[in-house]
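A, B, C and D are the chain letters, set down in written order, and residue numbers restart from 1 in every chain.
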Amino acid sequence: MLLEATNLNTYYGESHALQDMSLNVEDGEVVALLGRNGMGKSTTMKTIMGLLKPRSGKVIFDGRDITGQRPHKVARAGIGYVPEERRIFPNLSVLDNLMMGVKGGKVDTSNANIWTIEKIFERFPFMRDRTNQKGALLSGGEQQMLTIGRTLMGNPRLLMVDEPTEGLSPVMVKEVRDVLAAICKSGISILLVEHNLKVAMSLADRVYLMGKAHLGFTGTIAELDANPEARAKYLEV
Amino acid sequence: MDPVTAMYVAQGMHGLAYGMILFLLASGLTLIFGMMGILNLAHATFFMLSAYLCYQVIAWTGSFWLALLIAPIVTGIIGVLLERFLLRKVHAFGHIGELILTVGVSLVILESVKVFWGTESLPVQIPNVLQGLVTAGGLDYPIYRLFIIGLSLVILIVLMLILYKTRLGMVVRAAVSDADMVDALGINVPLVFMLVFGVGTWMAGVAGVAIAPILTVFPGLADQVGMDAFIVVVVGGFGSLGGALLVAIICGLLNSYGVQFVSQLAPVLMYIFMAIVLVFKPMGLFGERE
Amino acid sequence: MMNKMLKWILWLAGFVFLILYPKLFGIYYSNVFVTFAIFALYATSYNLLLGYTGLLSFGHAMFFGTGAYGTALALTHISGFPLIPALLAGALAAAILALILCPIMVRVGGTAFAMLHLAFGGLMYVLALKLRHITGGEDGIGGFDIPPFSIPGIVSFDMTDPLQFFYFAMVVLIGSIWILWFFTKTPFGQIMIAVRDNAKRVDYLGFRVPQTKAVIYVFSGAFCGVAGAVYALFQNLISAEDGFHVMTSFAPIMLTMVGGIGSFFGPIFGSAIFGILEELTTRYTERVELVFGLVLIFVIMFAPMGFVGTVKMIKEKWFTRQGV
Amino acid sequence: MKGKKWLLSIVVVVCCIALLGLSPAMGAKSKFDPSKMGDMSDLDLSNPVIPTGDTIKIAIVASFSGPAAAVGDIYFASVQSVAHDYNKRGGILVDGKKKLVQVIKANHESKVPIAKKVSERMVLQEKVDVLWGTNGSHLMKVINQVADKYKTIAVSAAAVSDELYDAQNFSRYSFMTSISTSQVGRGMAYYYGQVRKKETKFYILCQDYLFGHSIAGGFKAGLKEYYPDAELVGEDYHKLFLTDFAPYLTKVKAAGAEVVYTGDWIPDAANLLVQARQMGLDLPFANLFINNPPFLQQVGIEGTDGLVHIGQIGSDGKAFKTEGQIKYYKAWNDQYPKWKKPFDTTTYEHGTGTIGAYRMQTYWLLDVIERAGSTDPEKIIKVWENDTWEDVNGTVYKMRGIDHKTERDLFIELYVPPEQQKESMNIEPYYWFKDCSNTGPSYKLPADKVTPVMDPKLKDIRKGS
């Protein structure tokens, strides 16, 4: 088991945003976390990432307890986080944005499996021509790619991607999907929060459905397909 | 140069010198706010503390240069300790908490200064090499004020080089716009915070030492300069070094030419400038982030 | 039923206590109490904004100062001006200032809101310093005649008598605090809380957020003005320093934080705590600022929810333990 | 024979009364007598002996914290030294009982509301007999208001604005023993116009508040009166606690001024002068507050040479002309080396100058109480109004009955390097401070040339009372 979160309870002030949330991700697996707005999907990710501190519960990553650790420690343990709203650094150039993702500031060129700037450019060719452009000047889709690329520069073993296709054009949505599929193929596990059910279904091996602040349903894609009640209860508006 | 032109040029130089002092103070303030969202109301107190430390180092060693080296560093270390052991702990309670905490800290420092050094004005001499005037084209100008302008420029250039040419600078610039994200990328942001806080207070310390020989060192030293630096940060835009530099110089010039032409209104000009800018750009001239 | 009765008994006891207070403690402590009540009203009006809409202002001294100057100027320049209109002049002046500012203020929030207030507060301060012929500058205006509180033909109370002024101030200040409290209980007050918690949702529900903010803003400014007006009457002097200095803007923030943010009565407790603290420190030490600094640090480090929050927490802990 | 003797004695008595009452210059009603001083060898300001219980209580309402905290210490040192003297003499007989003098610090923190509160506390709770104040006219105004309201004697020993005792602000419980702004202005103008007659171009640079405008106004009025040929080449008012004086100084330079008249106090006066010298502006500064030793040391001998100080205490020429003056001086100066913080700085080395003025005013106050034989304010007022009293240097102080301002000679002191200071410091070691300028030549400005202004409206008001 790569990631194992058990019985997480997180609060925003007095409101109980996450109730006994549990999930796990196997090595090389794509897991989708689905549910309607405001159910706690992003909260789950933030809690795992250490951006929010759970009051109780446990997060084990690769056999190590990372519960409530500072985000940079979680990141160094091997979790890459691609947040909602993309959150690139608007005042930094494309290249600097990518370099921000490098842990320790230096790219280890001795290891062939490591992500380098060159590899990122191969994957996202548009960046090559715009290395010195400020992040703020990129389009939404490009910013999304940049965020993913930036996270990849840290060589994560697990990528947590929050709503990557939100607000993108259909062409861009497809491109993001393809990128994620390719990343998965390269052996990186993915935990995905996605509104676009089609994209999610096409990528995921398993799904978790969230009700208000808690886990509603869990199973493989096939099991979800076979369970219209769960879909009605947790997904349809 | 005829005497009238010389007077105007001299006023411009005064404005520049005061503006650079303001910049030294404001740059730390604006970086700290930009990165951490902390309105450090103790910032000007560090400026005052450093002036006292400067006095003390000179009293012990007789060397202004040693004071210029040591006093800001000690001030910076105290700043680091403040960040590490107090501010970091209250971060979770929001900005008002940090604000009140820095007010508390500034009061404590102010009183401690009085316990150690008393309340009388203390003298600091200009070092011998920097005494006197330099004459050029009919204009006499104090060497020490030129030194202040020069020193500030050097610090400004070094600061810019670090910010725009090093990885550390990149991290700082990134953290100004989104500190949490930088943390989530595996960079130890609390450590960077502590460093920036230290550098910020160090620069306040340099400003304190630089101004000590012009002013007597007394407990109320921080009040006016502190408020002016605050205006610079607000008008320049939180987190914007360029904004701080530009507005600091504008404020310095408003100050000196204000005295020259509309003496009675001189202190009001800066506030009117601030009010006008903020009405049209509530986040300041170069502020972006809410 | 019992609860209601207890409440009434408490109110009555408080009322009797206030009436007897000057007799019990003498003129000096009566004056101390008036100061406390002025700052309690000031901080409570301020907290209407901070605690209920989450808007942090660094410049509320301008309303306090405008209220004080309004009253003082009215009494200085209009001979025979009666007491209540003078008080209202202060409140009105502050309300008008708030009205003028609110088109600018309501469209911003967060840091920008705070900084705009810092700017305008600072501007008011330097203007008060500079327009010496109107405001008296650093020295302020004072020595104006305090008119008696009179209902023609029925009664007249001499307001220069500390005792009679005490009762007058209590009626005005506690009355104002009561109005503010009542205000938070109205449907409008409830919307106000909703604005703080989720401005977007209130917008969806059809209430206009900027307008809601504007009403609260003016209301808060006006009552800060009342506090200032009473202050001017009480001190018989108002100067730029007391009226408009940034520390005067800071006072209600500190009182609110120490008393407990997000609670209506927090600022009142804060004002009481600071009042008592000031009494003690000025008596026993010259290091007044050191004590205040340490108190602020202590509160933020160990009791960030302030007095009310801490009491609530202790109470909850105690009750849960009882439950077990 | 018998009849003639009777007549003669009447003539003598009448003459004596006339001499005493009509001509203060011939001898004041009372005076400071050094020979009566108690043993001051145990005067230790850092460990003051302060009696408690049934005492005569003097509250020093001043700033003991905040930026001006040093001022409170100076007041305390001055008043406490006098109280110590009286206590060593066994106290003062008031209301049938010998009472010691208790000095109480009342910290107004330089804030108006605190000043009011602490003054009220002193009156209502500590039951002090005298409120002794203070730096800042606006604060003194508050003290006077409290004094008036609760009928307690107040002494303005350090606030110098004439307006405090005009028709609007006058309180019969408050007495102004200090110099006033109109006296300073007139005195300076008299010196430059009638004594020195050299410089003609003056620049006024004062602080922008009531006091600054008041002291500038006094000088302008004085120039009109005593120096019509003088030219005012500039006039500026800067804000308090200013950081950068350079823009003002550049204007002063450009205006071609020969003398800068400033009402600034420390630290503004110090910063003004330091920055002026740094900018190569070597003009004399005429000022009331520059006699502060630490500041003089900072600016150094060169920087302070030629300064012109106006003082309310001093003497014409040599400072020490009588044994009594030396005894009085030594009572302080001999004890100074053993004092600790904050009384170990050069400010406290000599009990003369500003400190001397505060001390003398306090001696006058206690002398008045002694003669009133009571701490009853009414009795004190009766003695003090129109009182004349001679200080240690022989200067006669007259408390003007109508507006409670003090008429007295003033002194102009020129600042010179240590080796020339023996002109005033005529005893060992023949200089005041060895590393900075101080009083050398000094001139007396006769009291009738420098009377403080009087608000004419007061005459009508006080007749009614």
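Side notes on the structure shown:
Quick note on the criterion: a residue touches a chain if its C-beta (ideal position, glycine included) is under 8 Å from a C-beta of that chain, and two chains touch if they have at least 3 such contacts.
What you see is a predicted model; the values in this text were computed from it and never measured.
Note on interfaces B-D and C-D: more C-beta pairs are in contact across B-D. Closest to the protein's overall CA centre, chain by chain, comes B.
Chain A and chain D have CA centres that are 77 Å apart.
Note: centroid distance chain C to chain D, computed from Cα atoms, is 41 Å.
Spacing of chain A relative to chain C, judged by their CA centroids, is 49 angstrom. Shared interface positions of chain C, i.e. residues touching 2 or more other chains, are given as 129-130, 287, 289. Chain contacts: chain B has residues 111, 264, 267 touching two or more partner chains. Not a single residue in chain A touches at least two other chains. Inter-chain contacts occur between A-B, B-C, B-D, C-D. On the chain D side of its complex with chain C, the touching residues are 64-66, 69, 105, 107, 109, 111-114, 116-118, 120-121, 124-125, 137-138, 141-142, 145, 149, 168-169, 208-210, 213, 239-240. Chain D meets chain B in the complex at residues 65-70, 73, 236-239, 241-244, 246-248, 250-251, 253-254, 266-267, 270-271, 274-275, 278-280, 292, 294-295, 297-298, 341-342, 345, 347. Of all the residues in chain B, the ones that touch chain C in their complex are 86, 89-90, 93, 95-97, 99-101, 103-108, 110-112, 115, 227, 230-231, 234, 238, 264-265, 267-268, 271-272, 274-275, 278-279, 282-284, 290. If you check the complex, the residues on chain C that touch chain D are 26-28, 31-32, 35, 129-130, 132, 136-140, 142-143, 160, 235-237, 239, 241-242, 282, 286-289. Chain contact summary for the complex, chain A toward chain B: residues 49-51, 70-72, 74-76, 81, 83, 87, 89-92, 96, 99-101, 103, 105, 150-151, 154.
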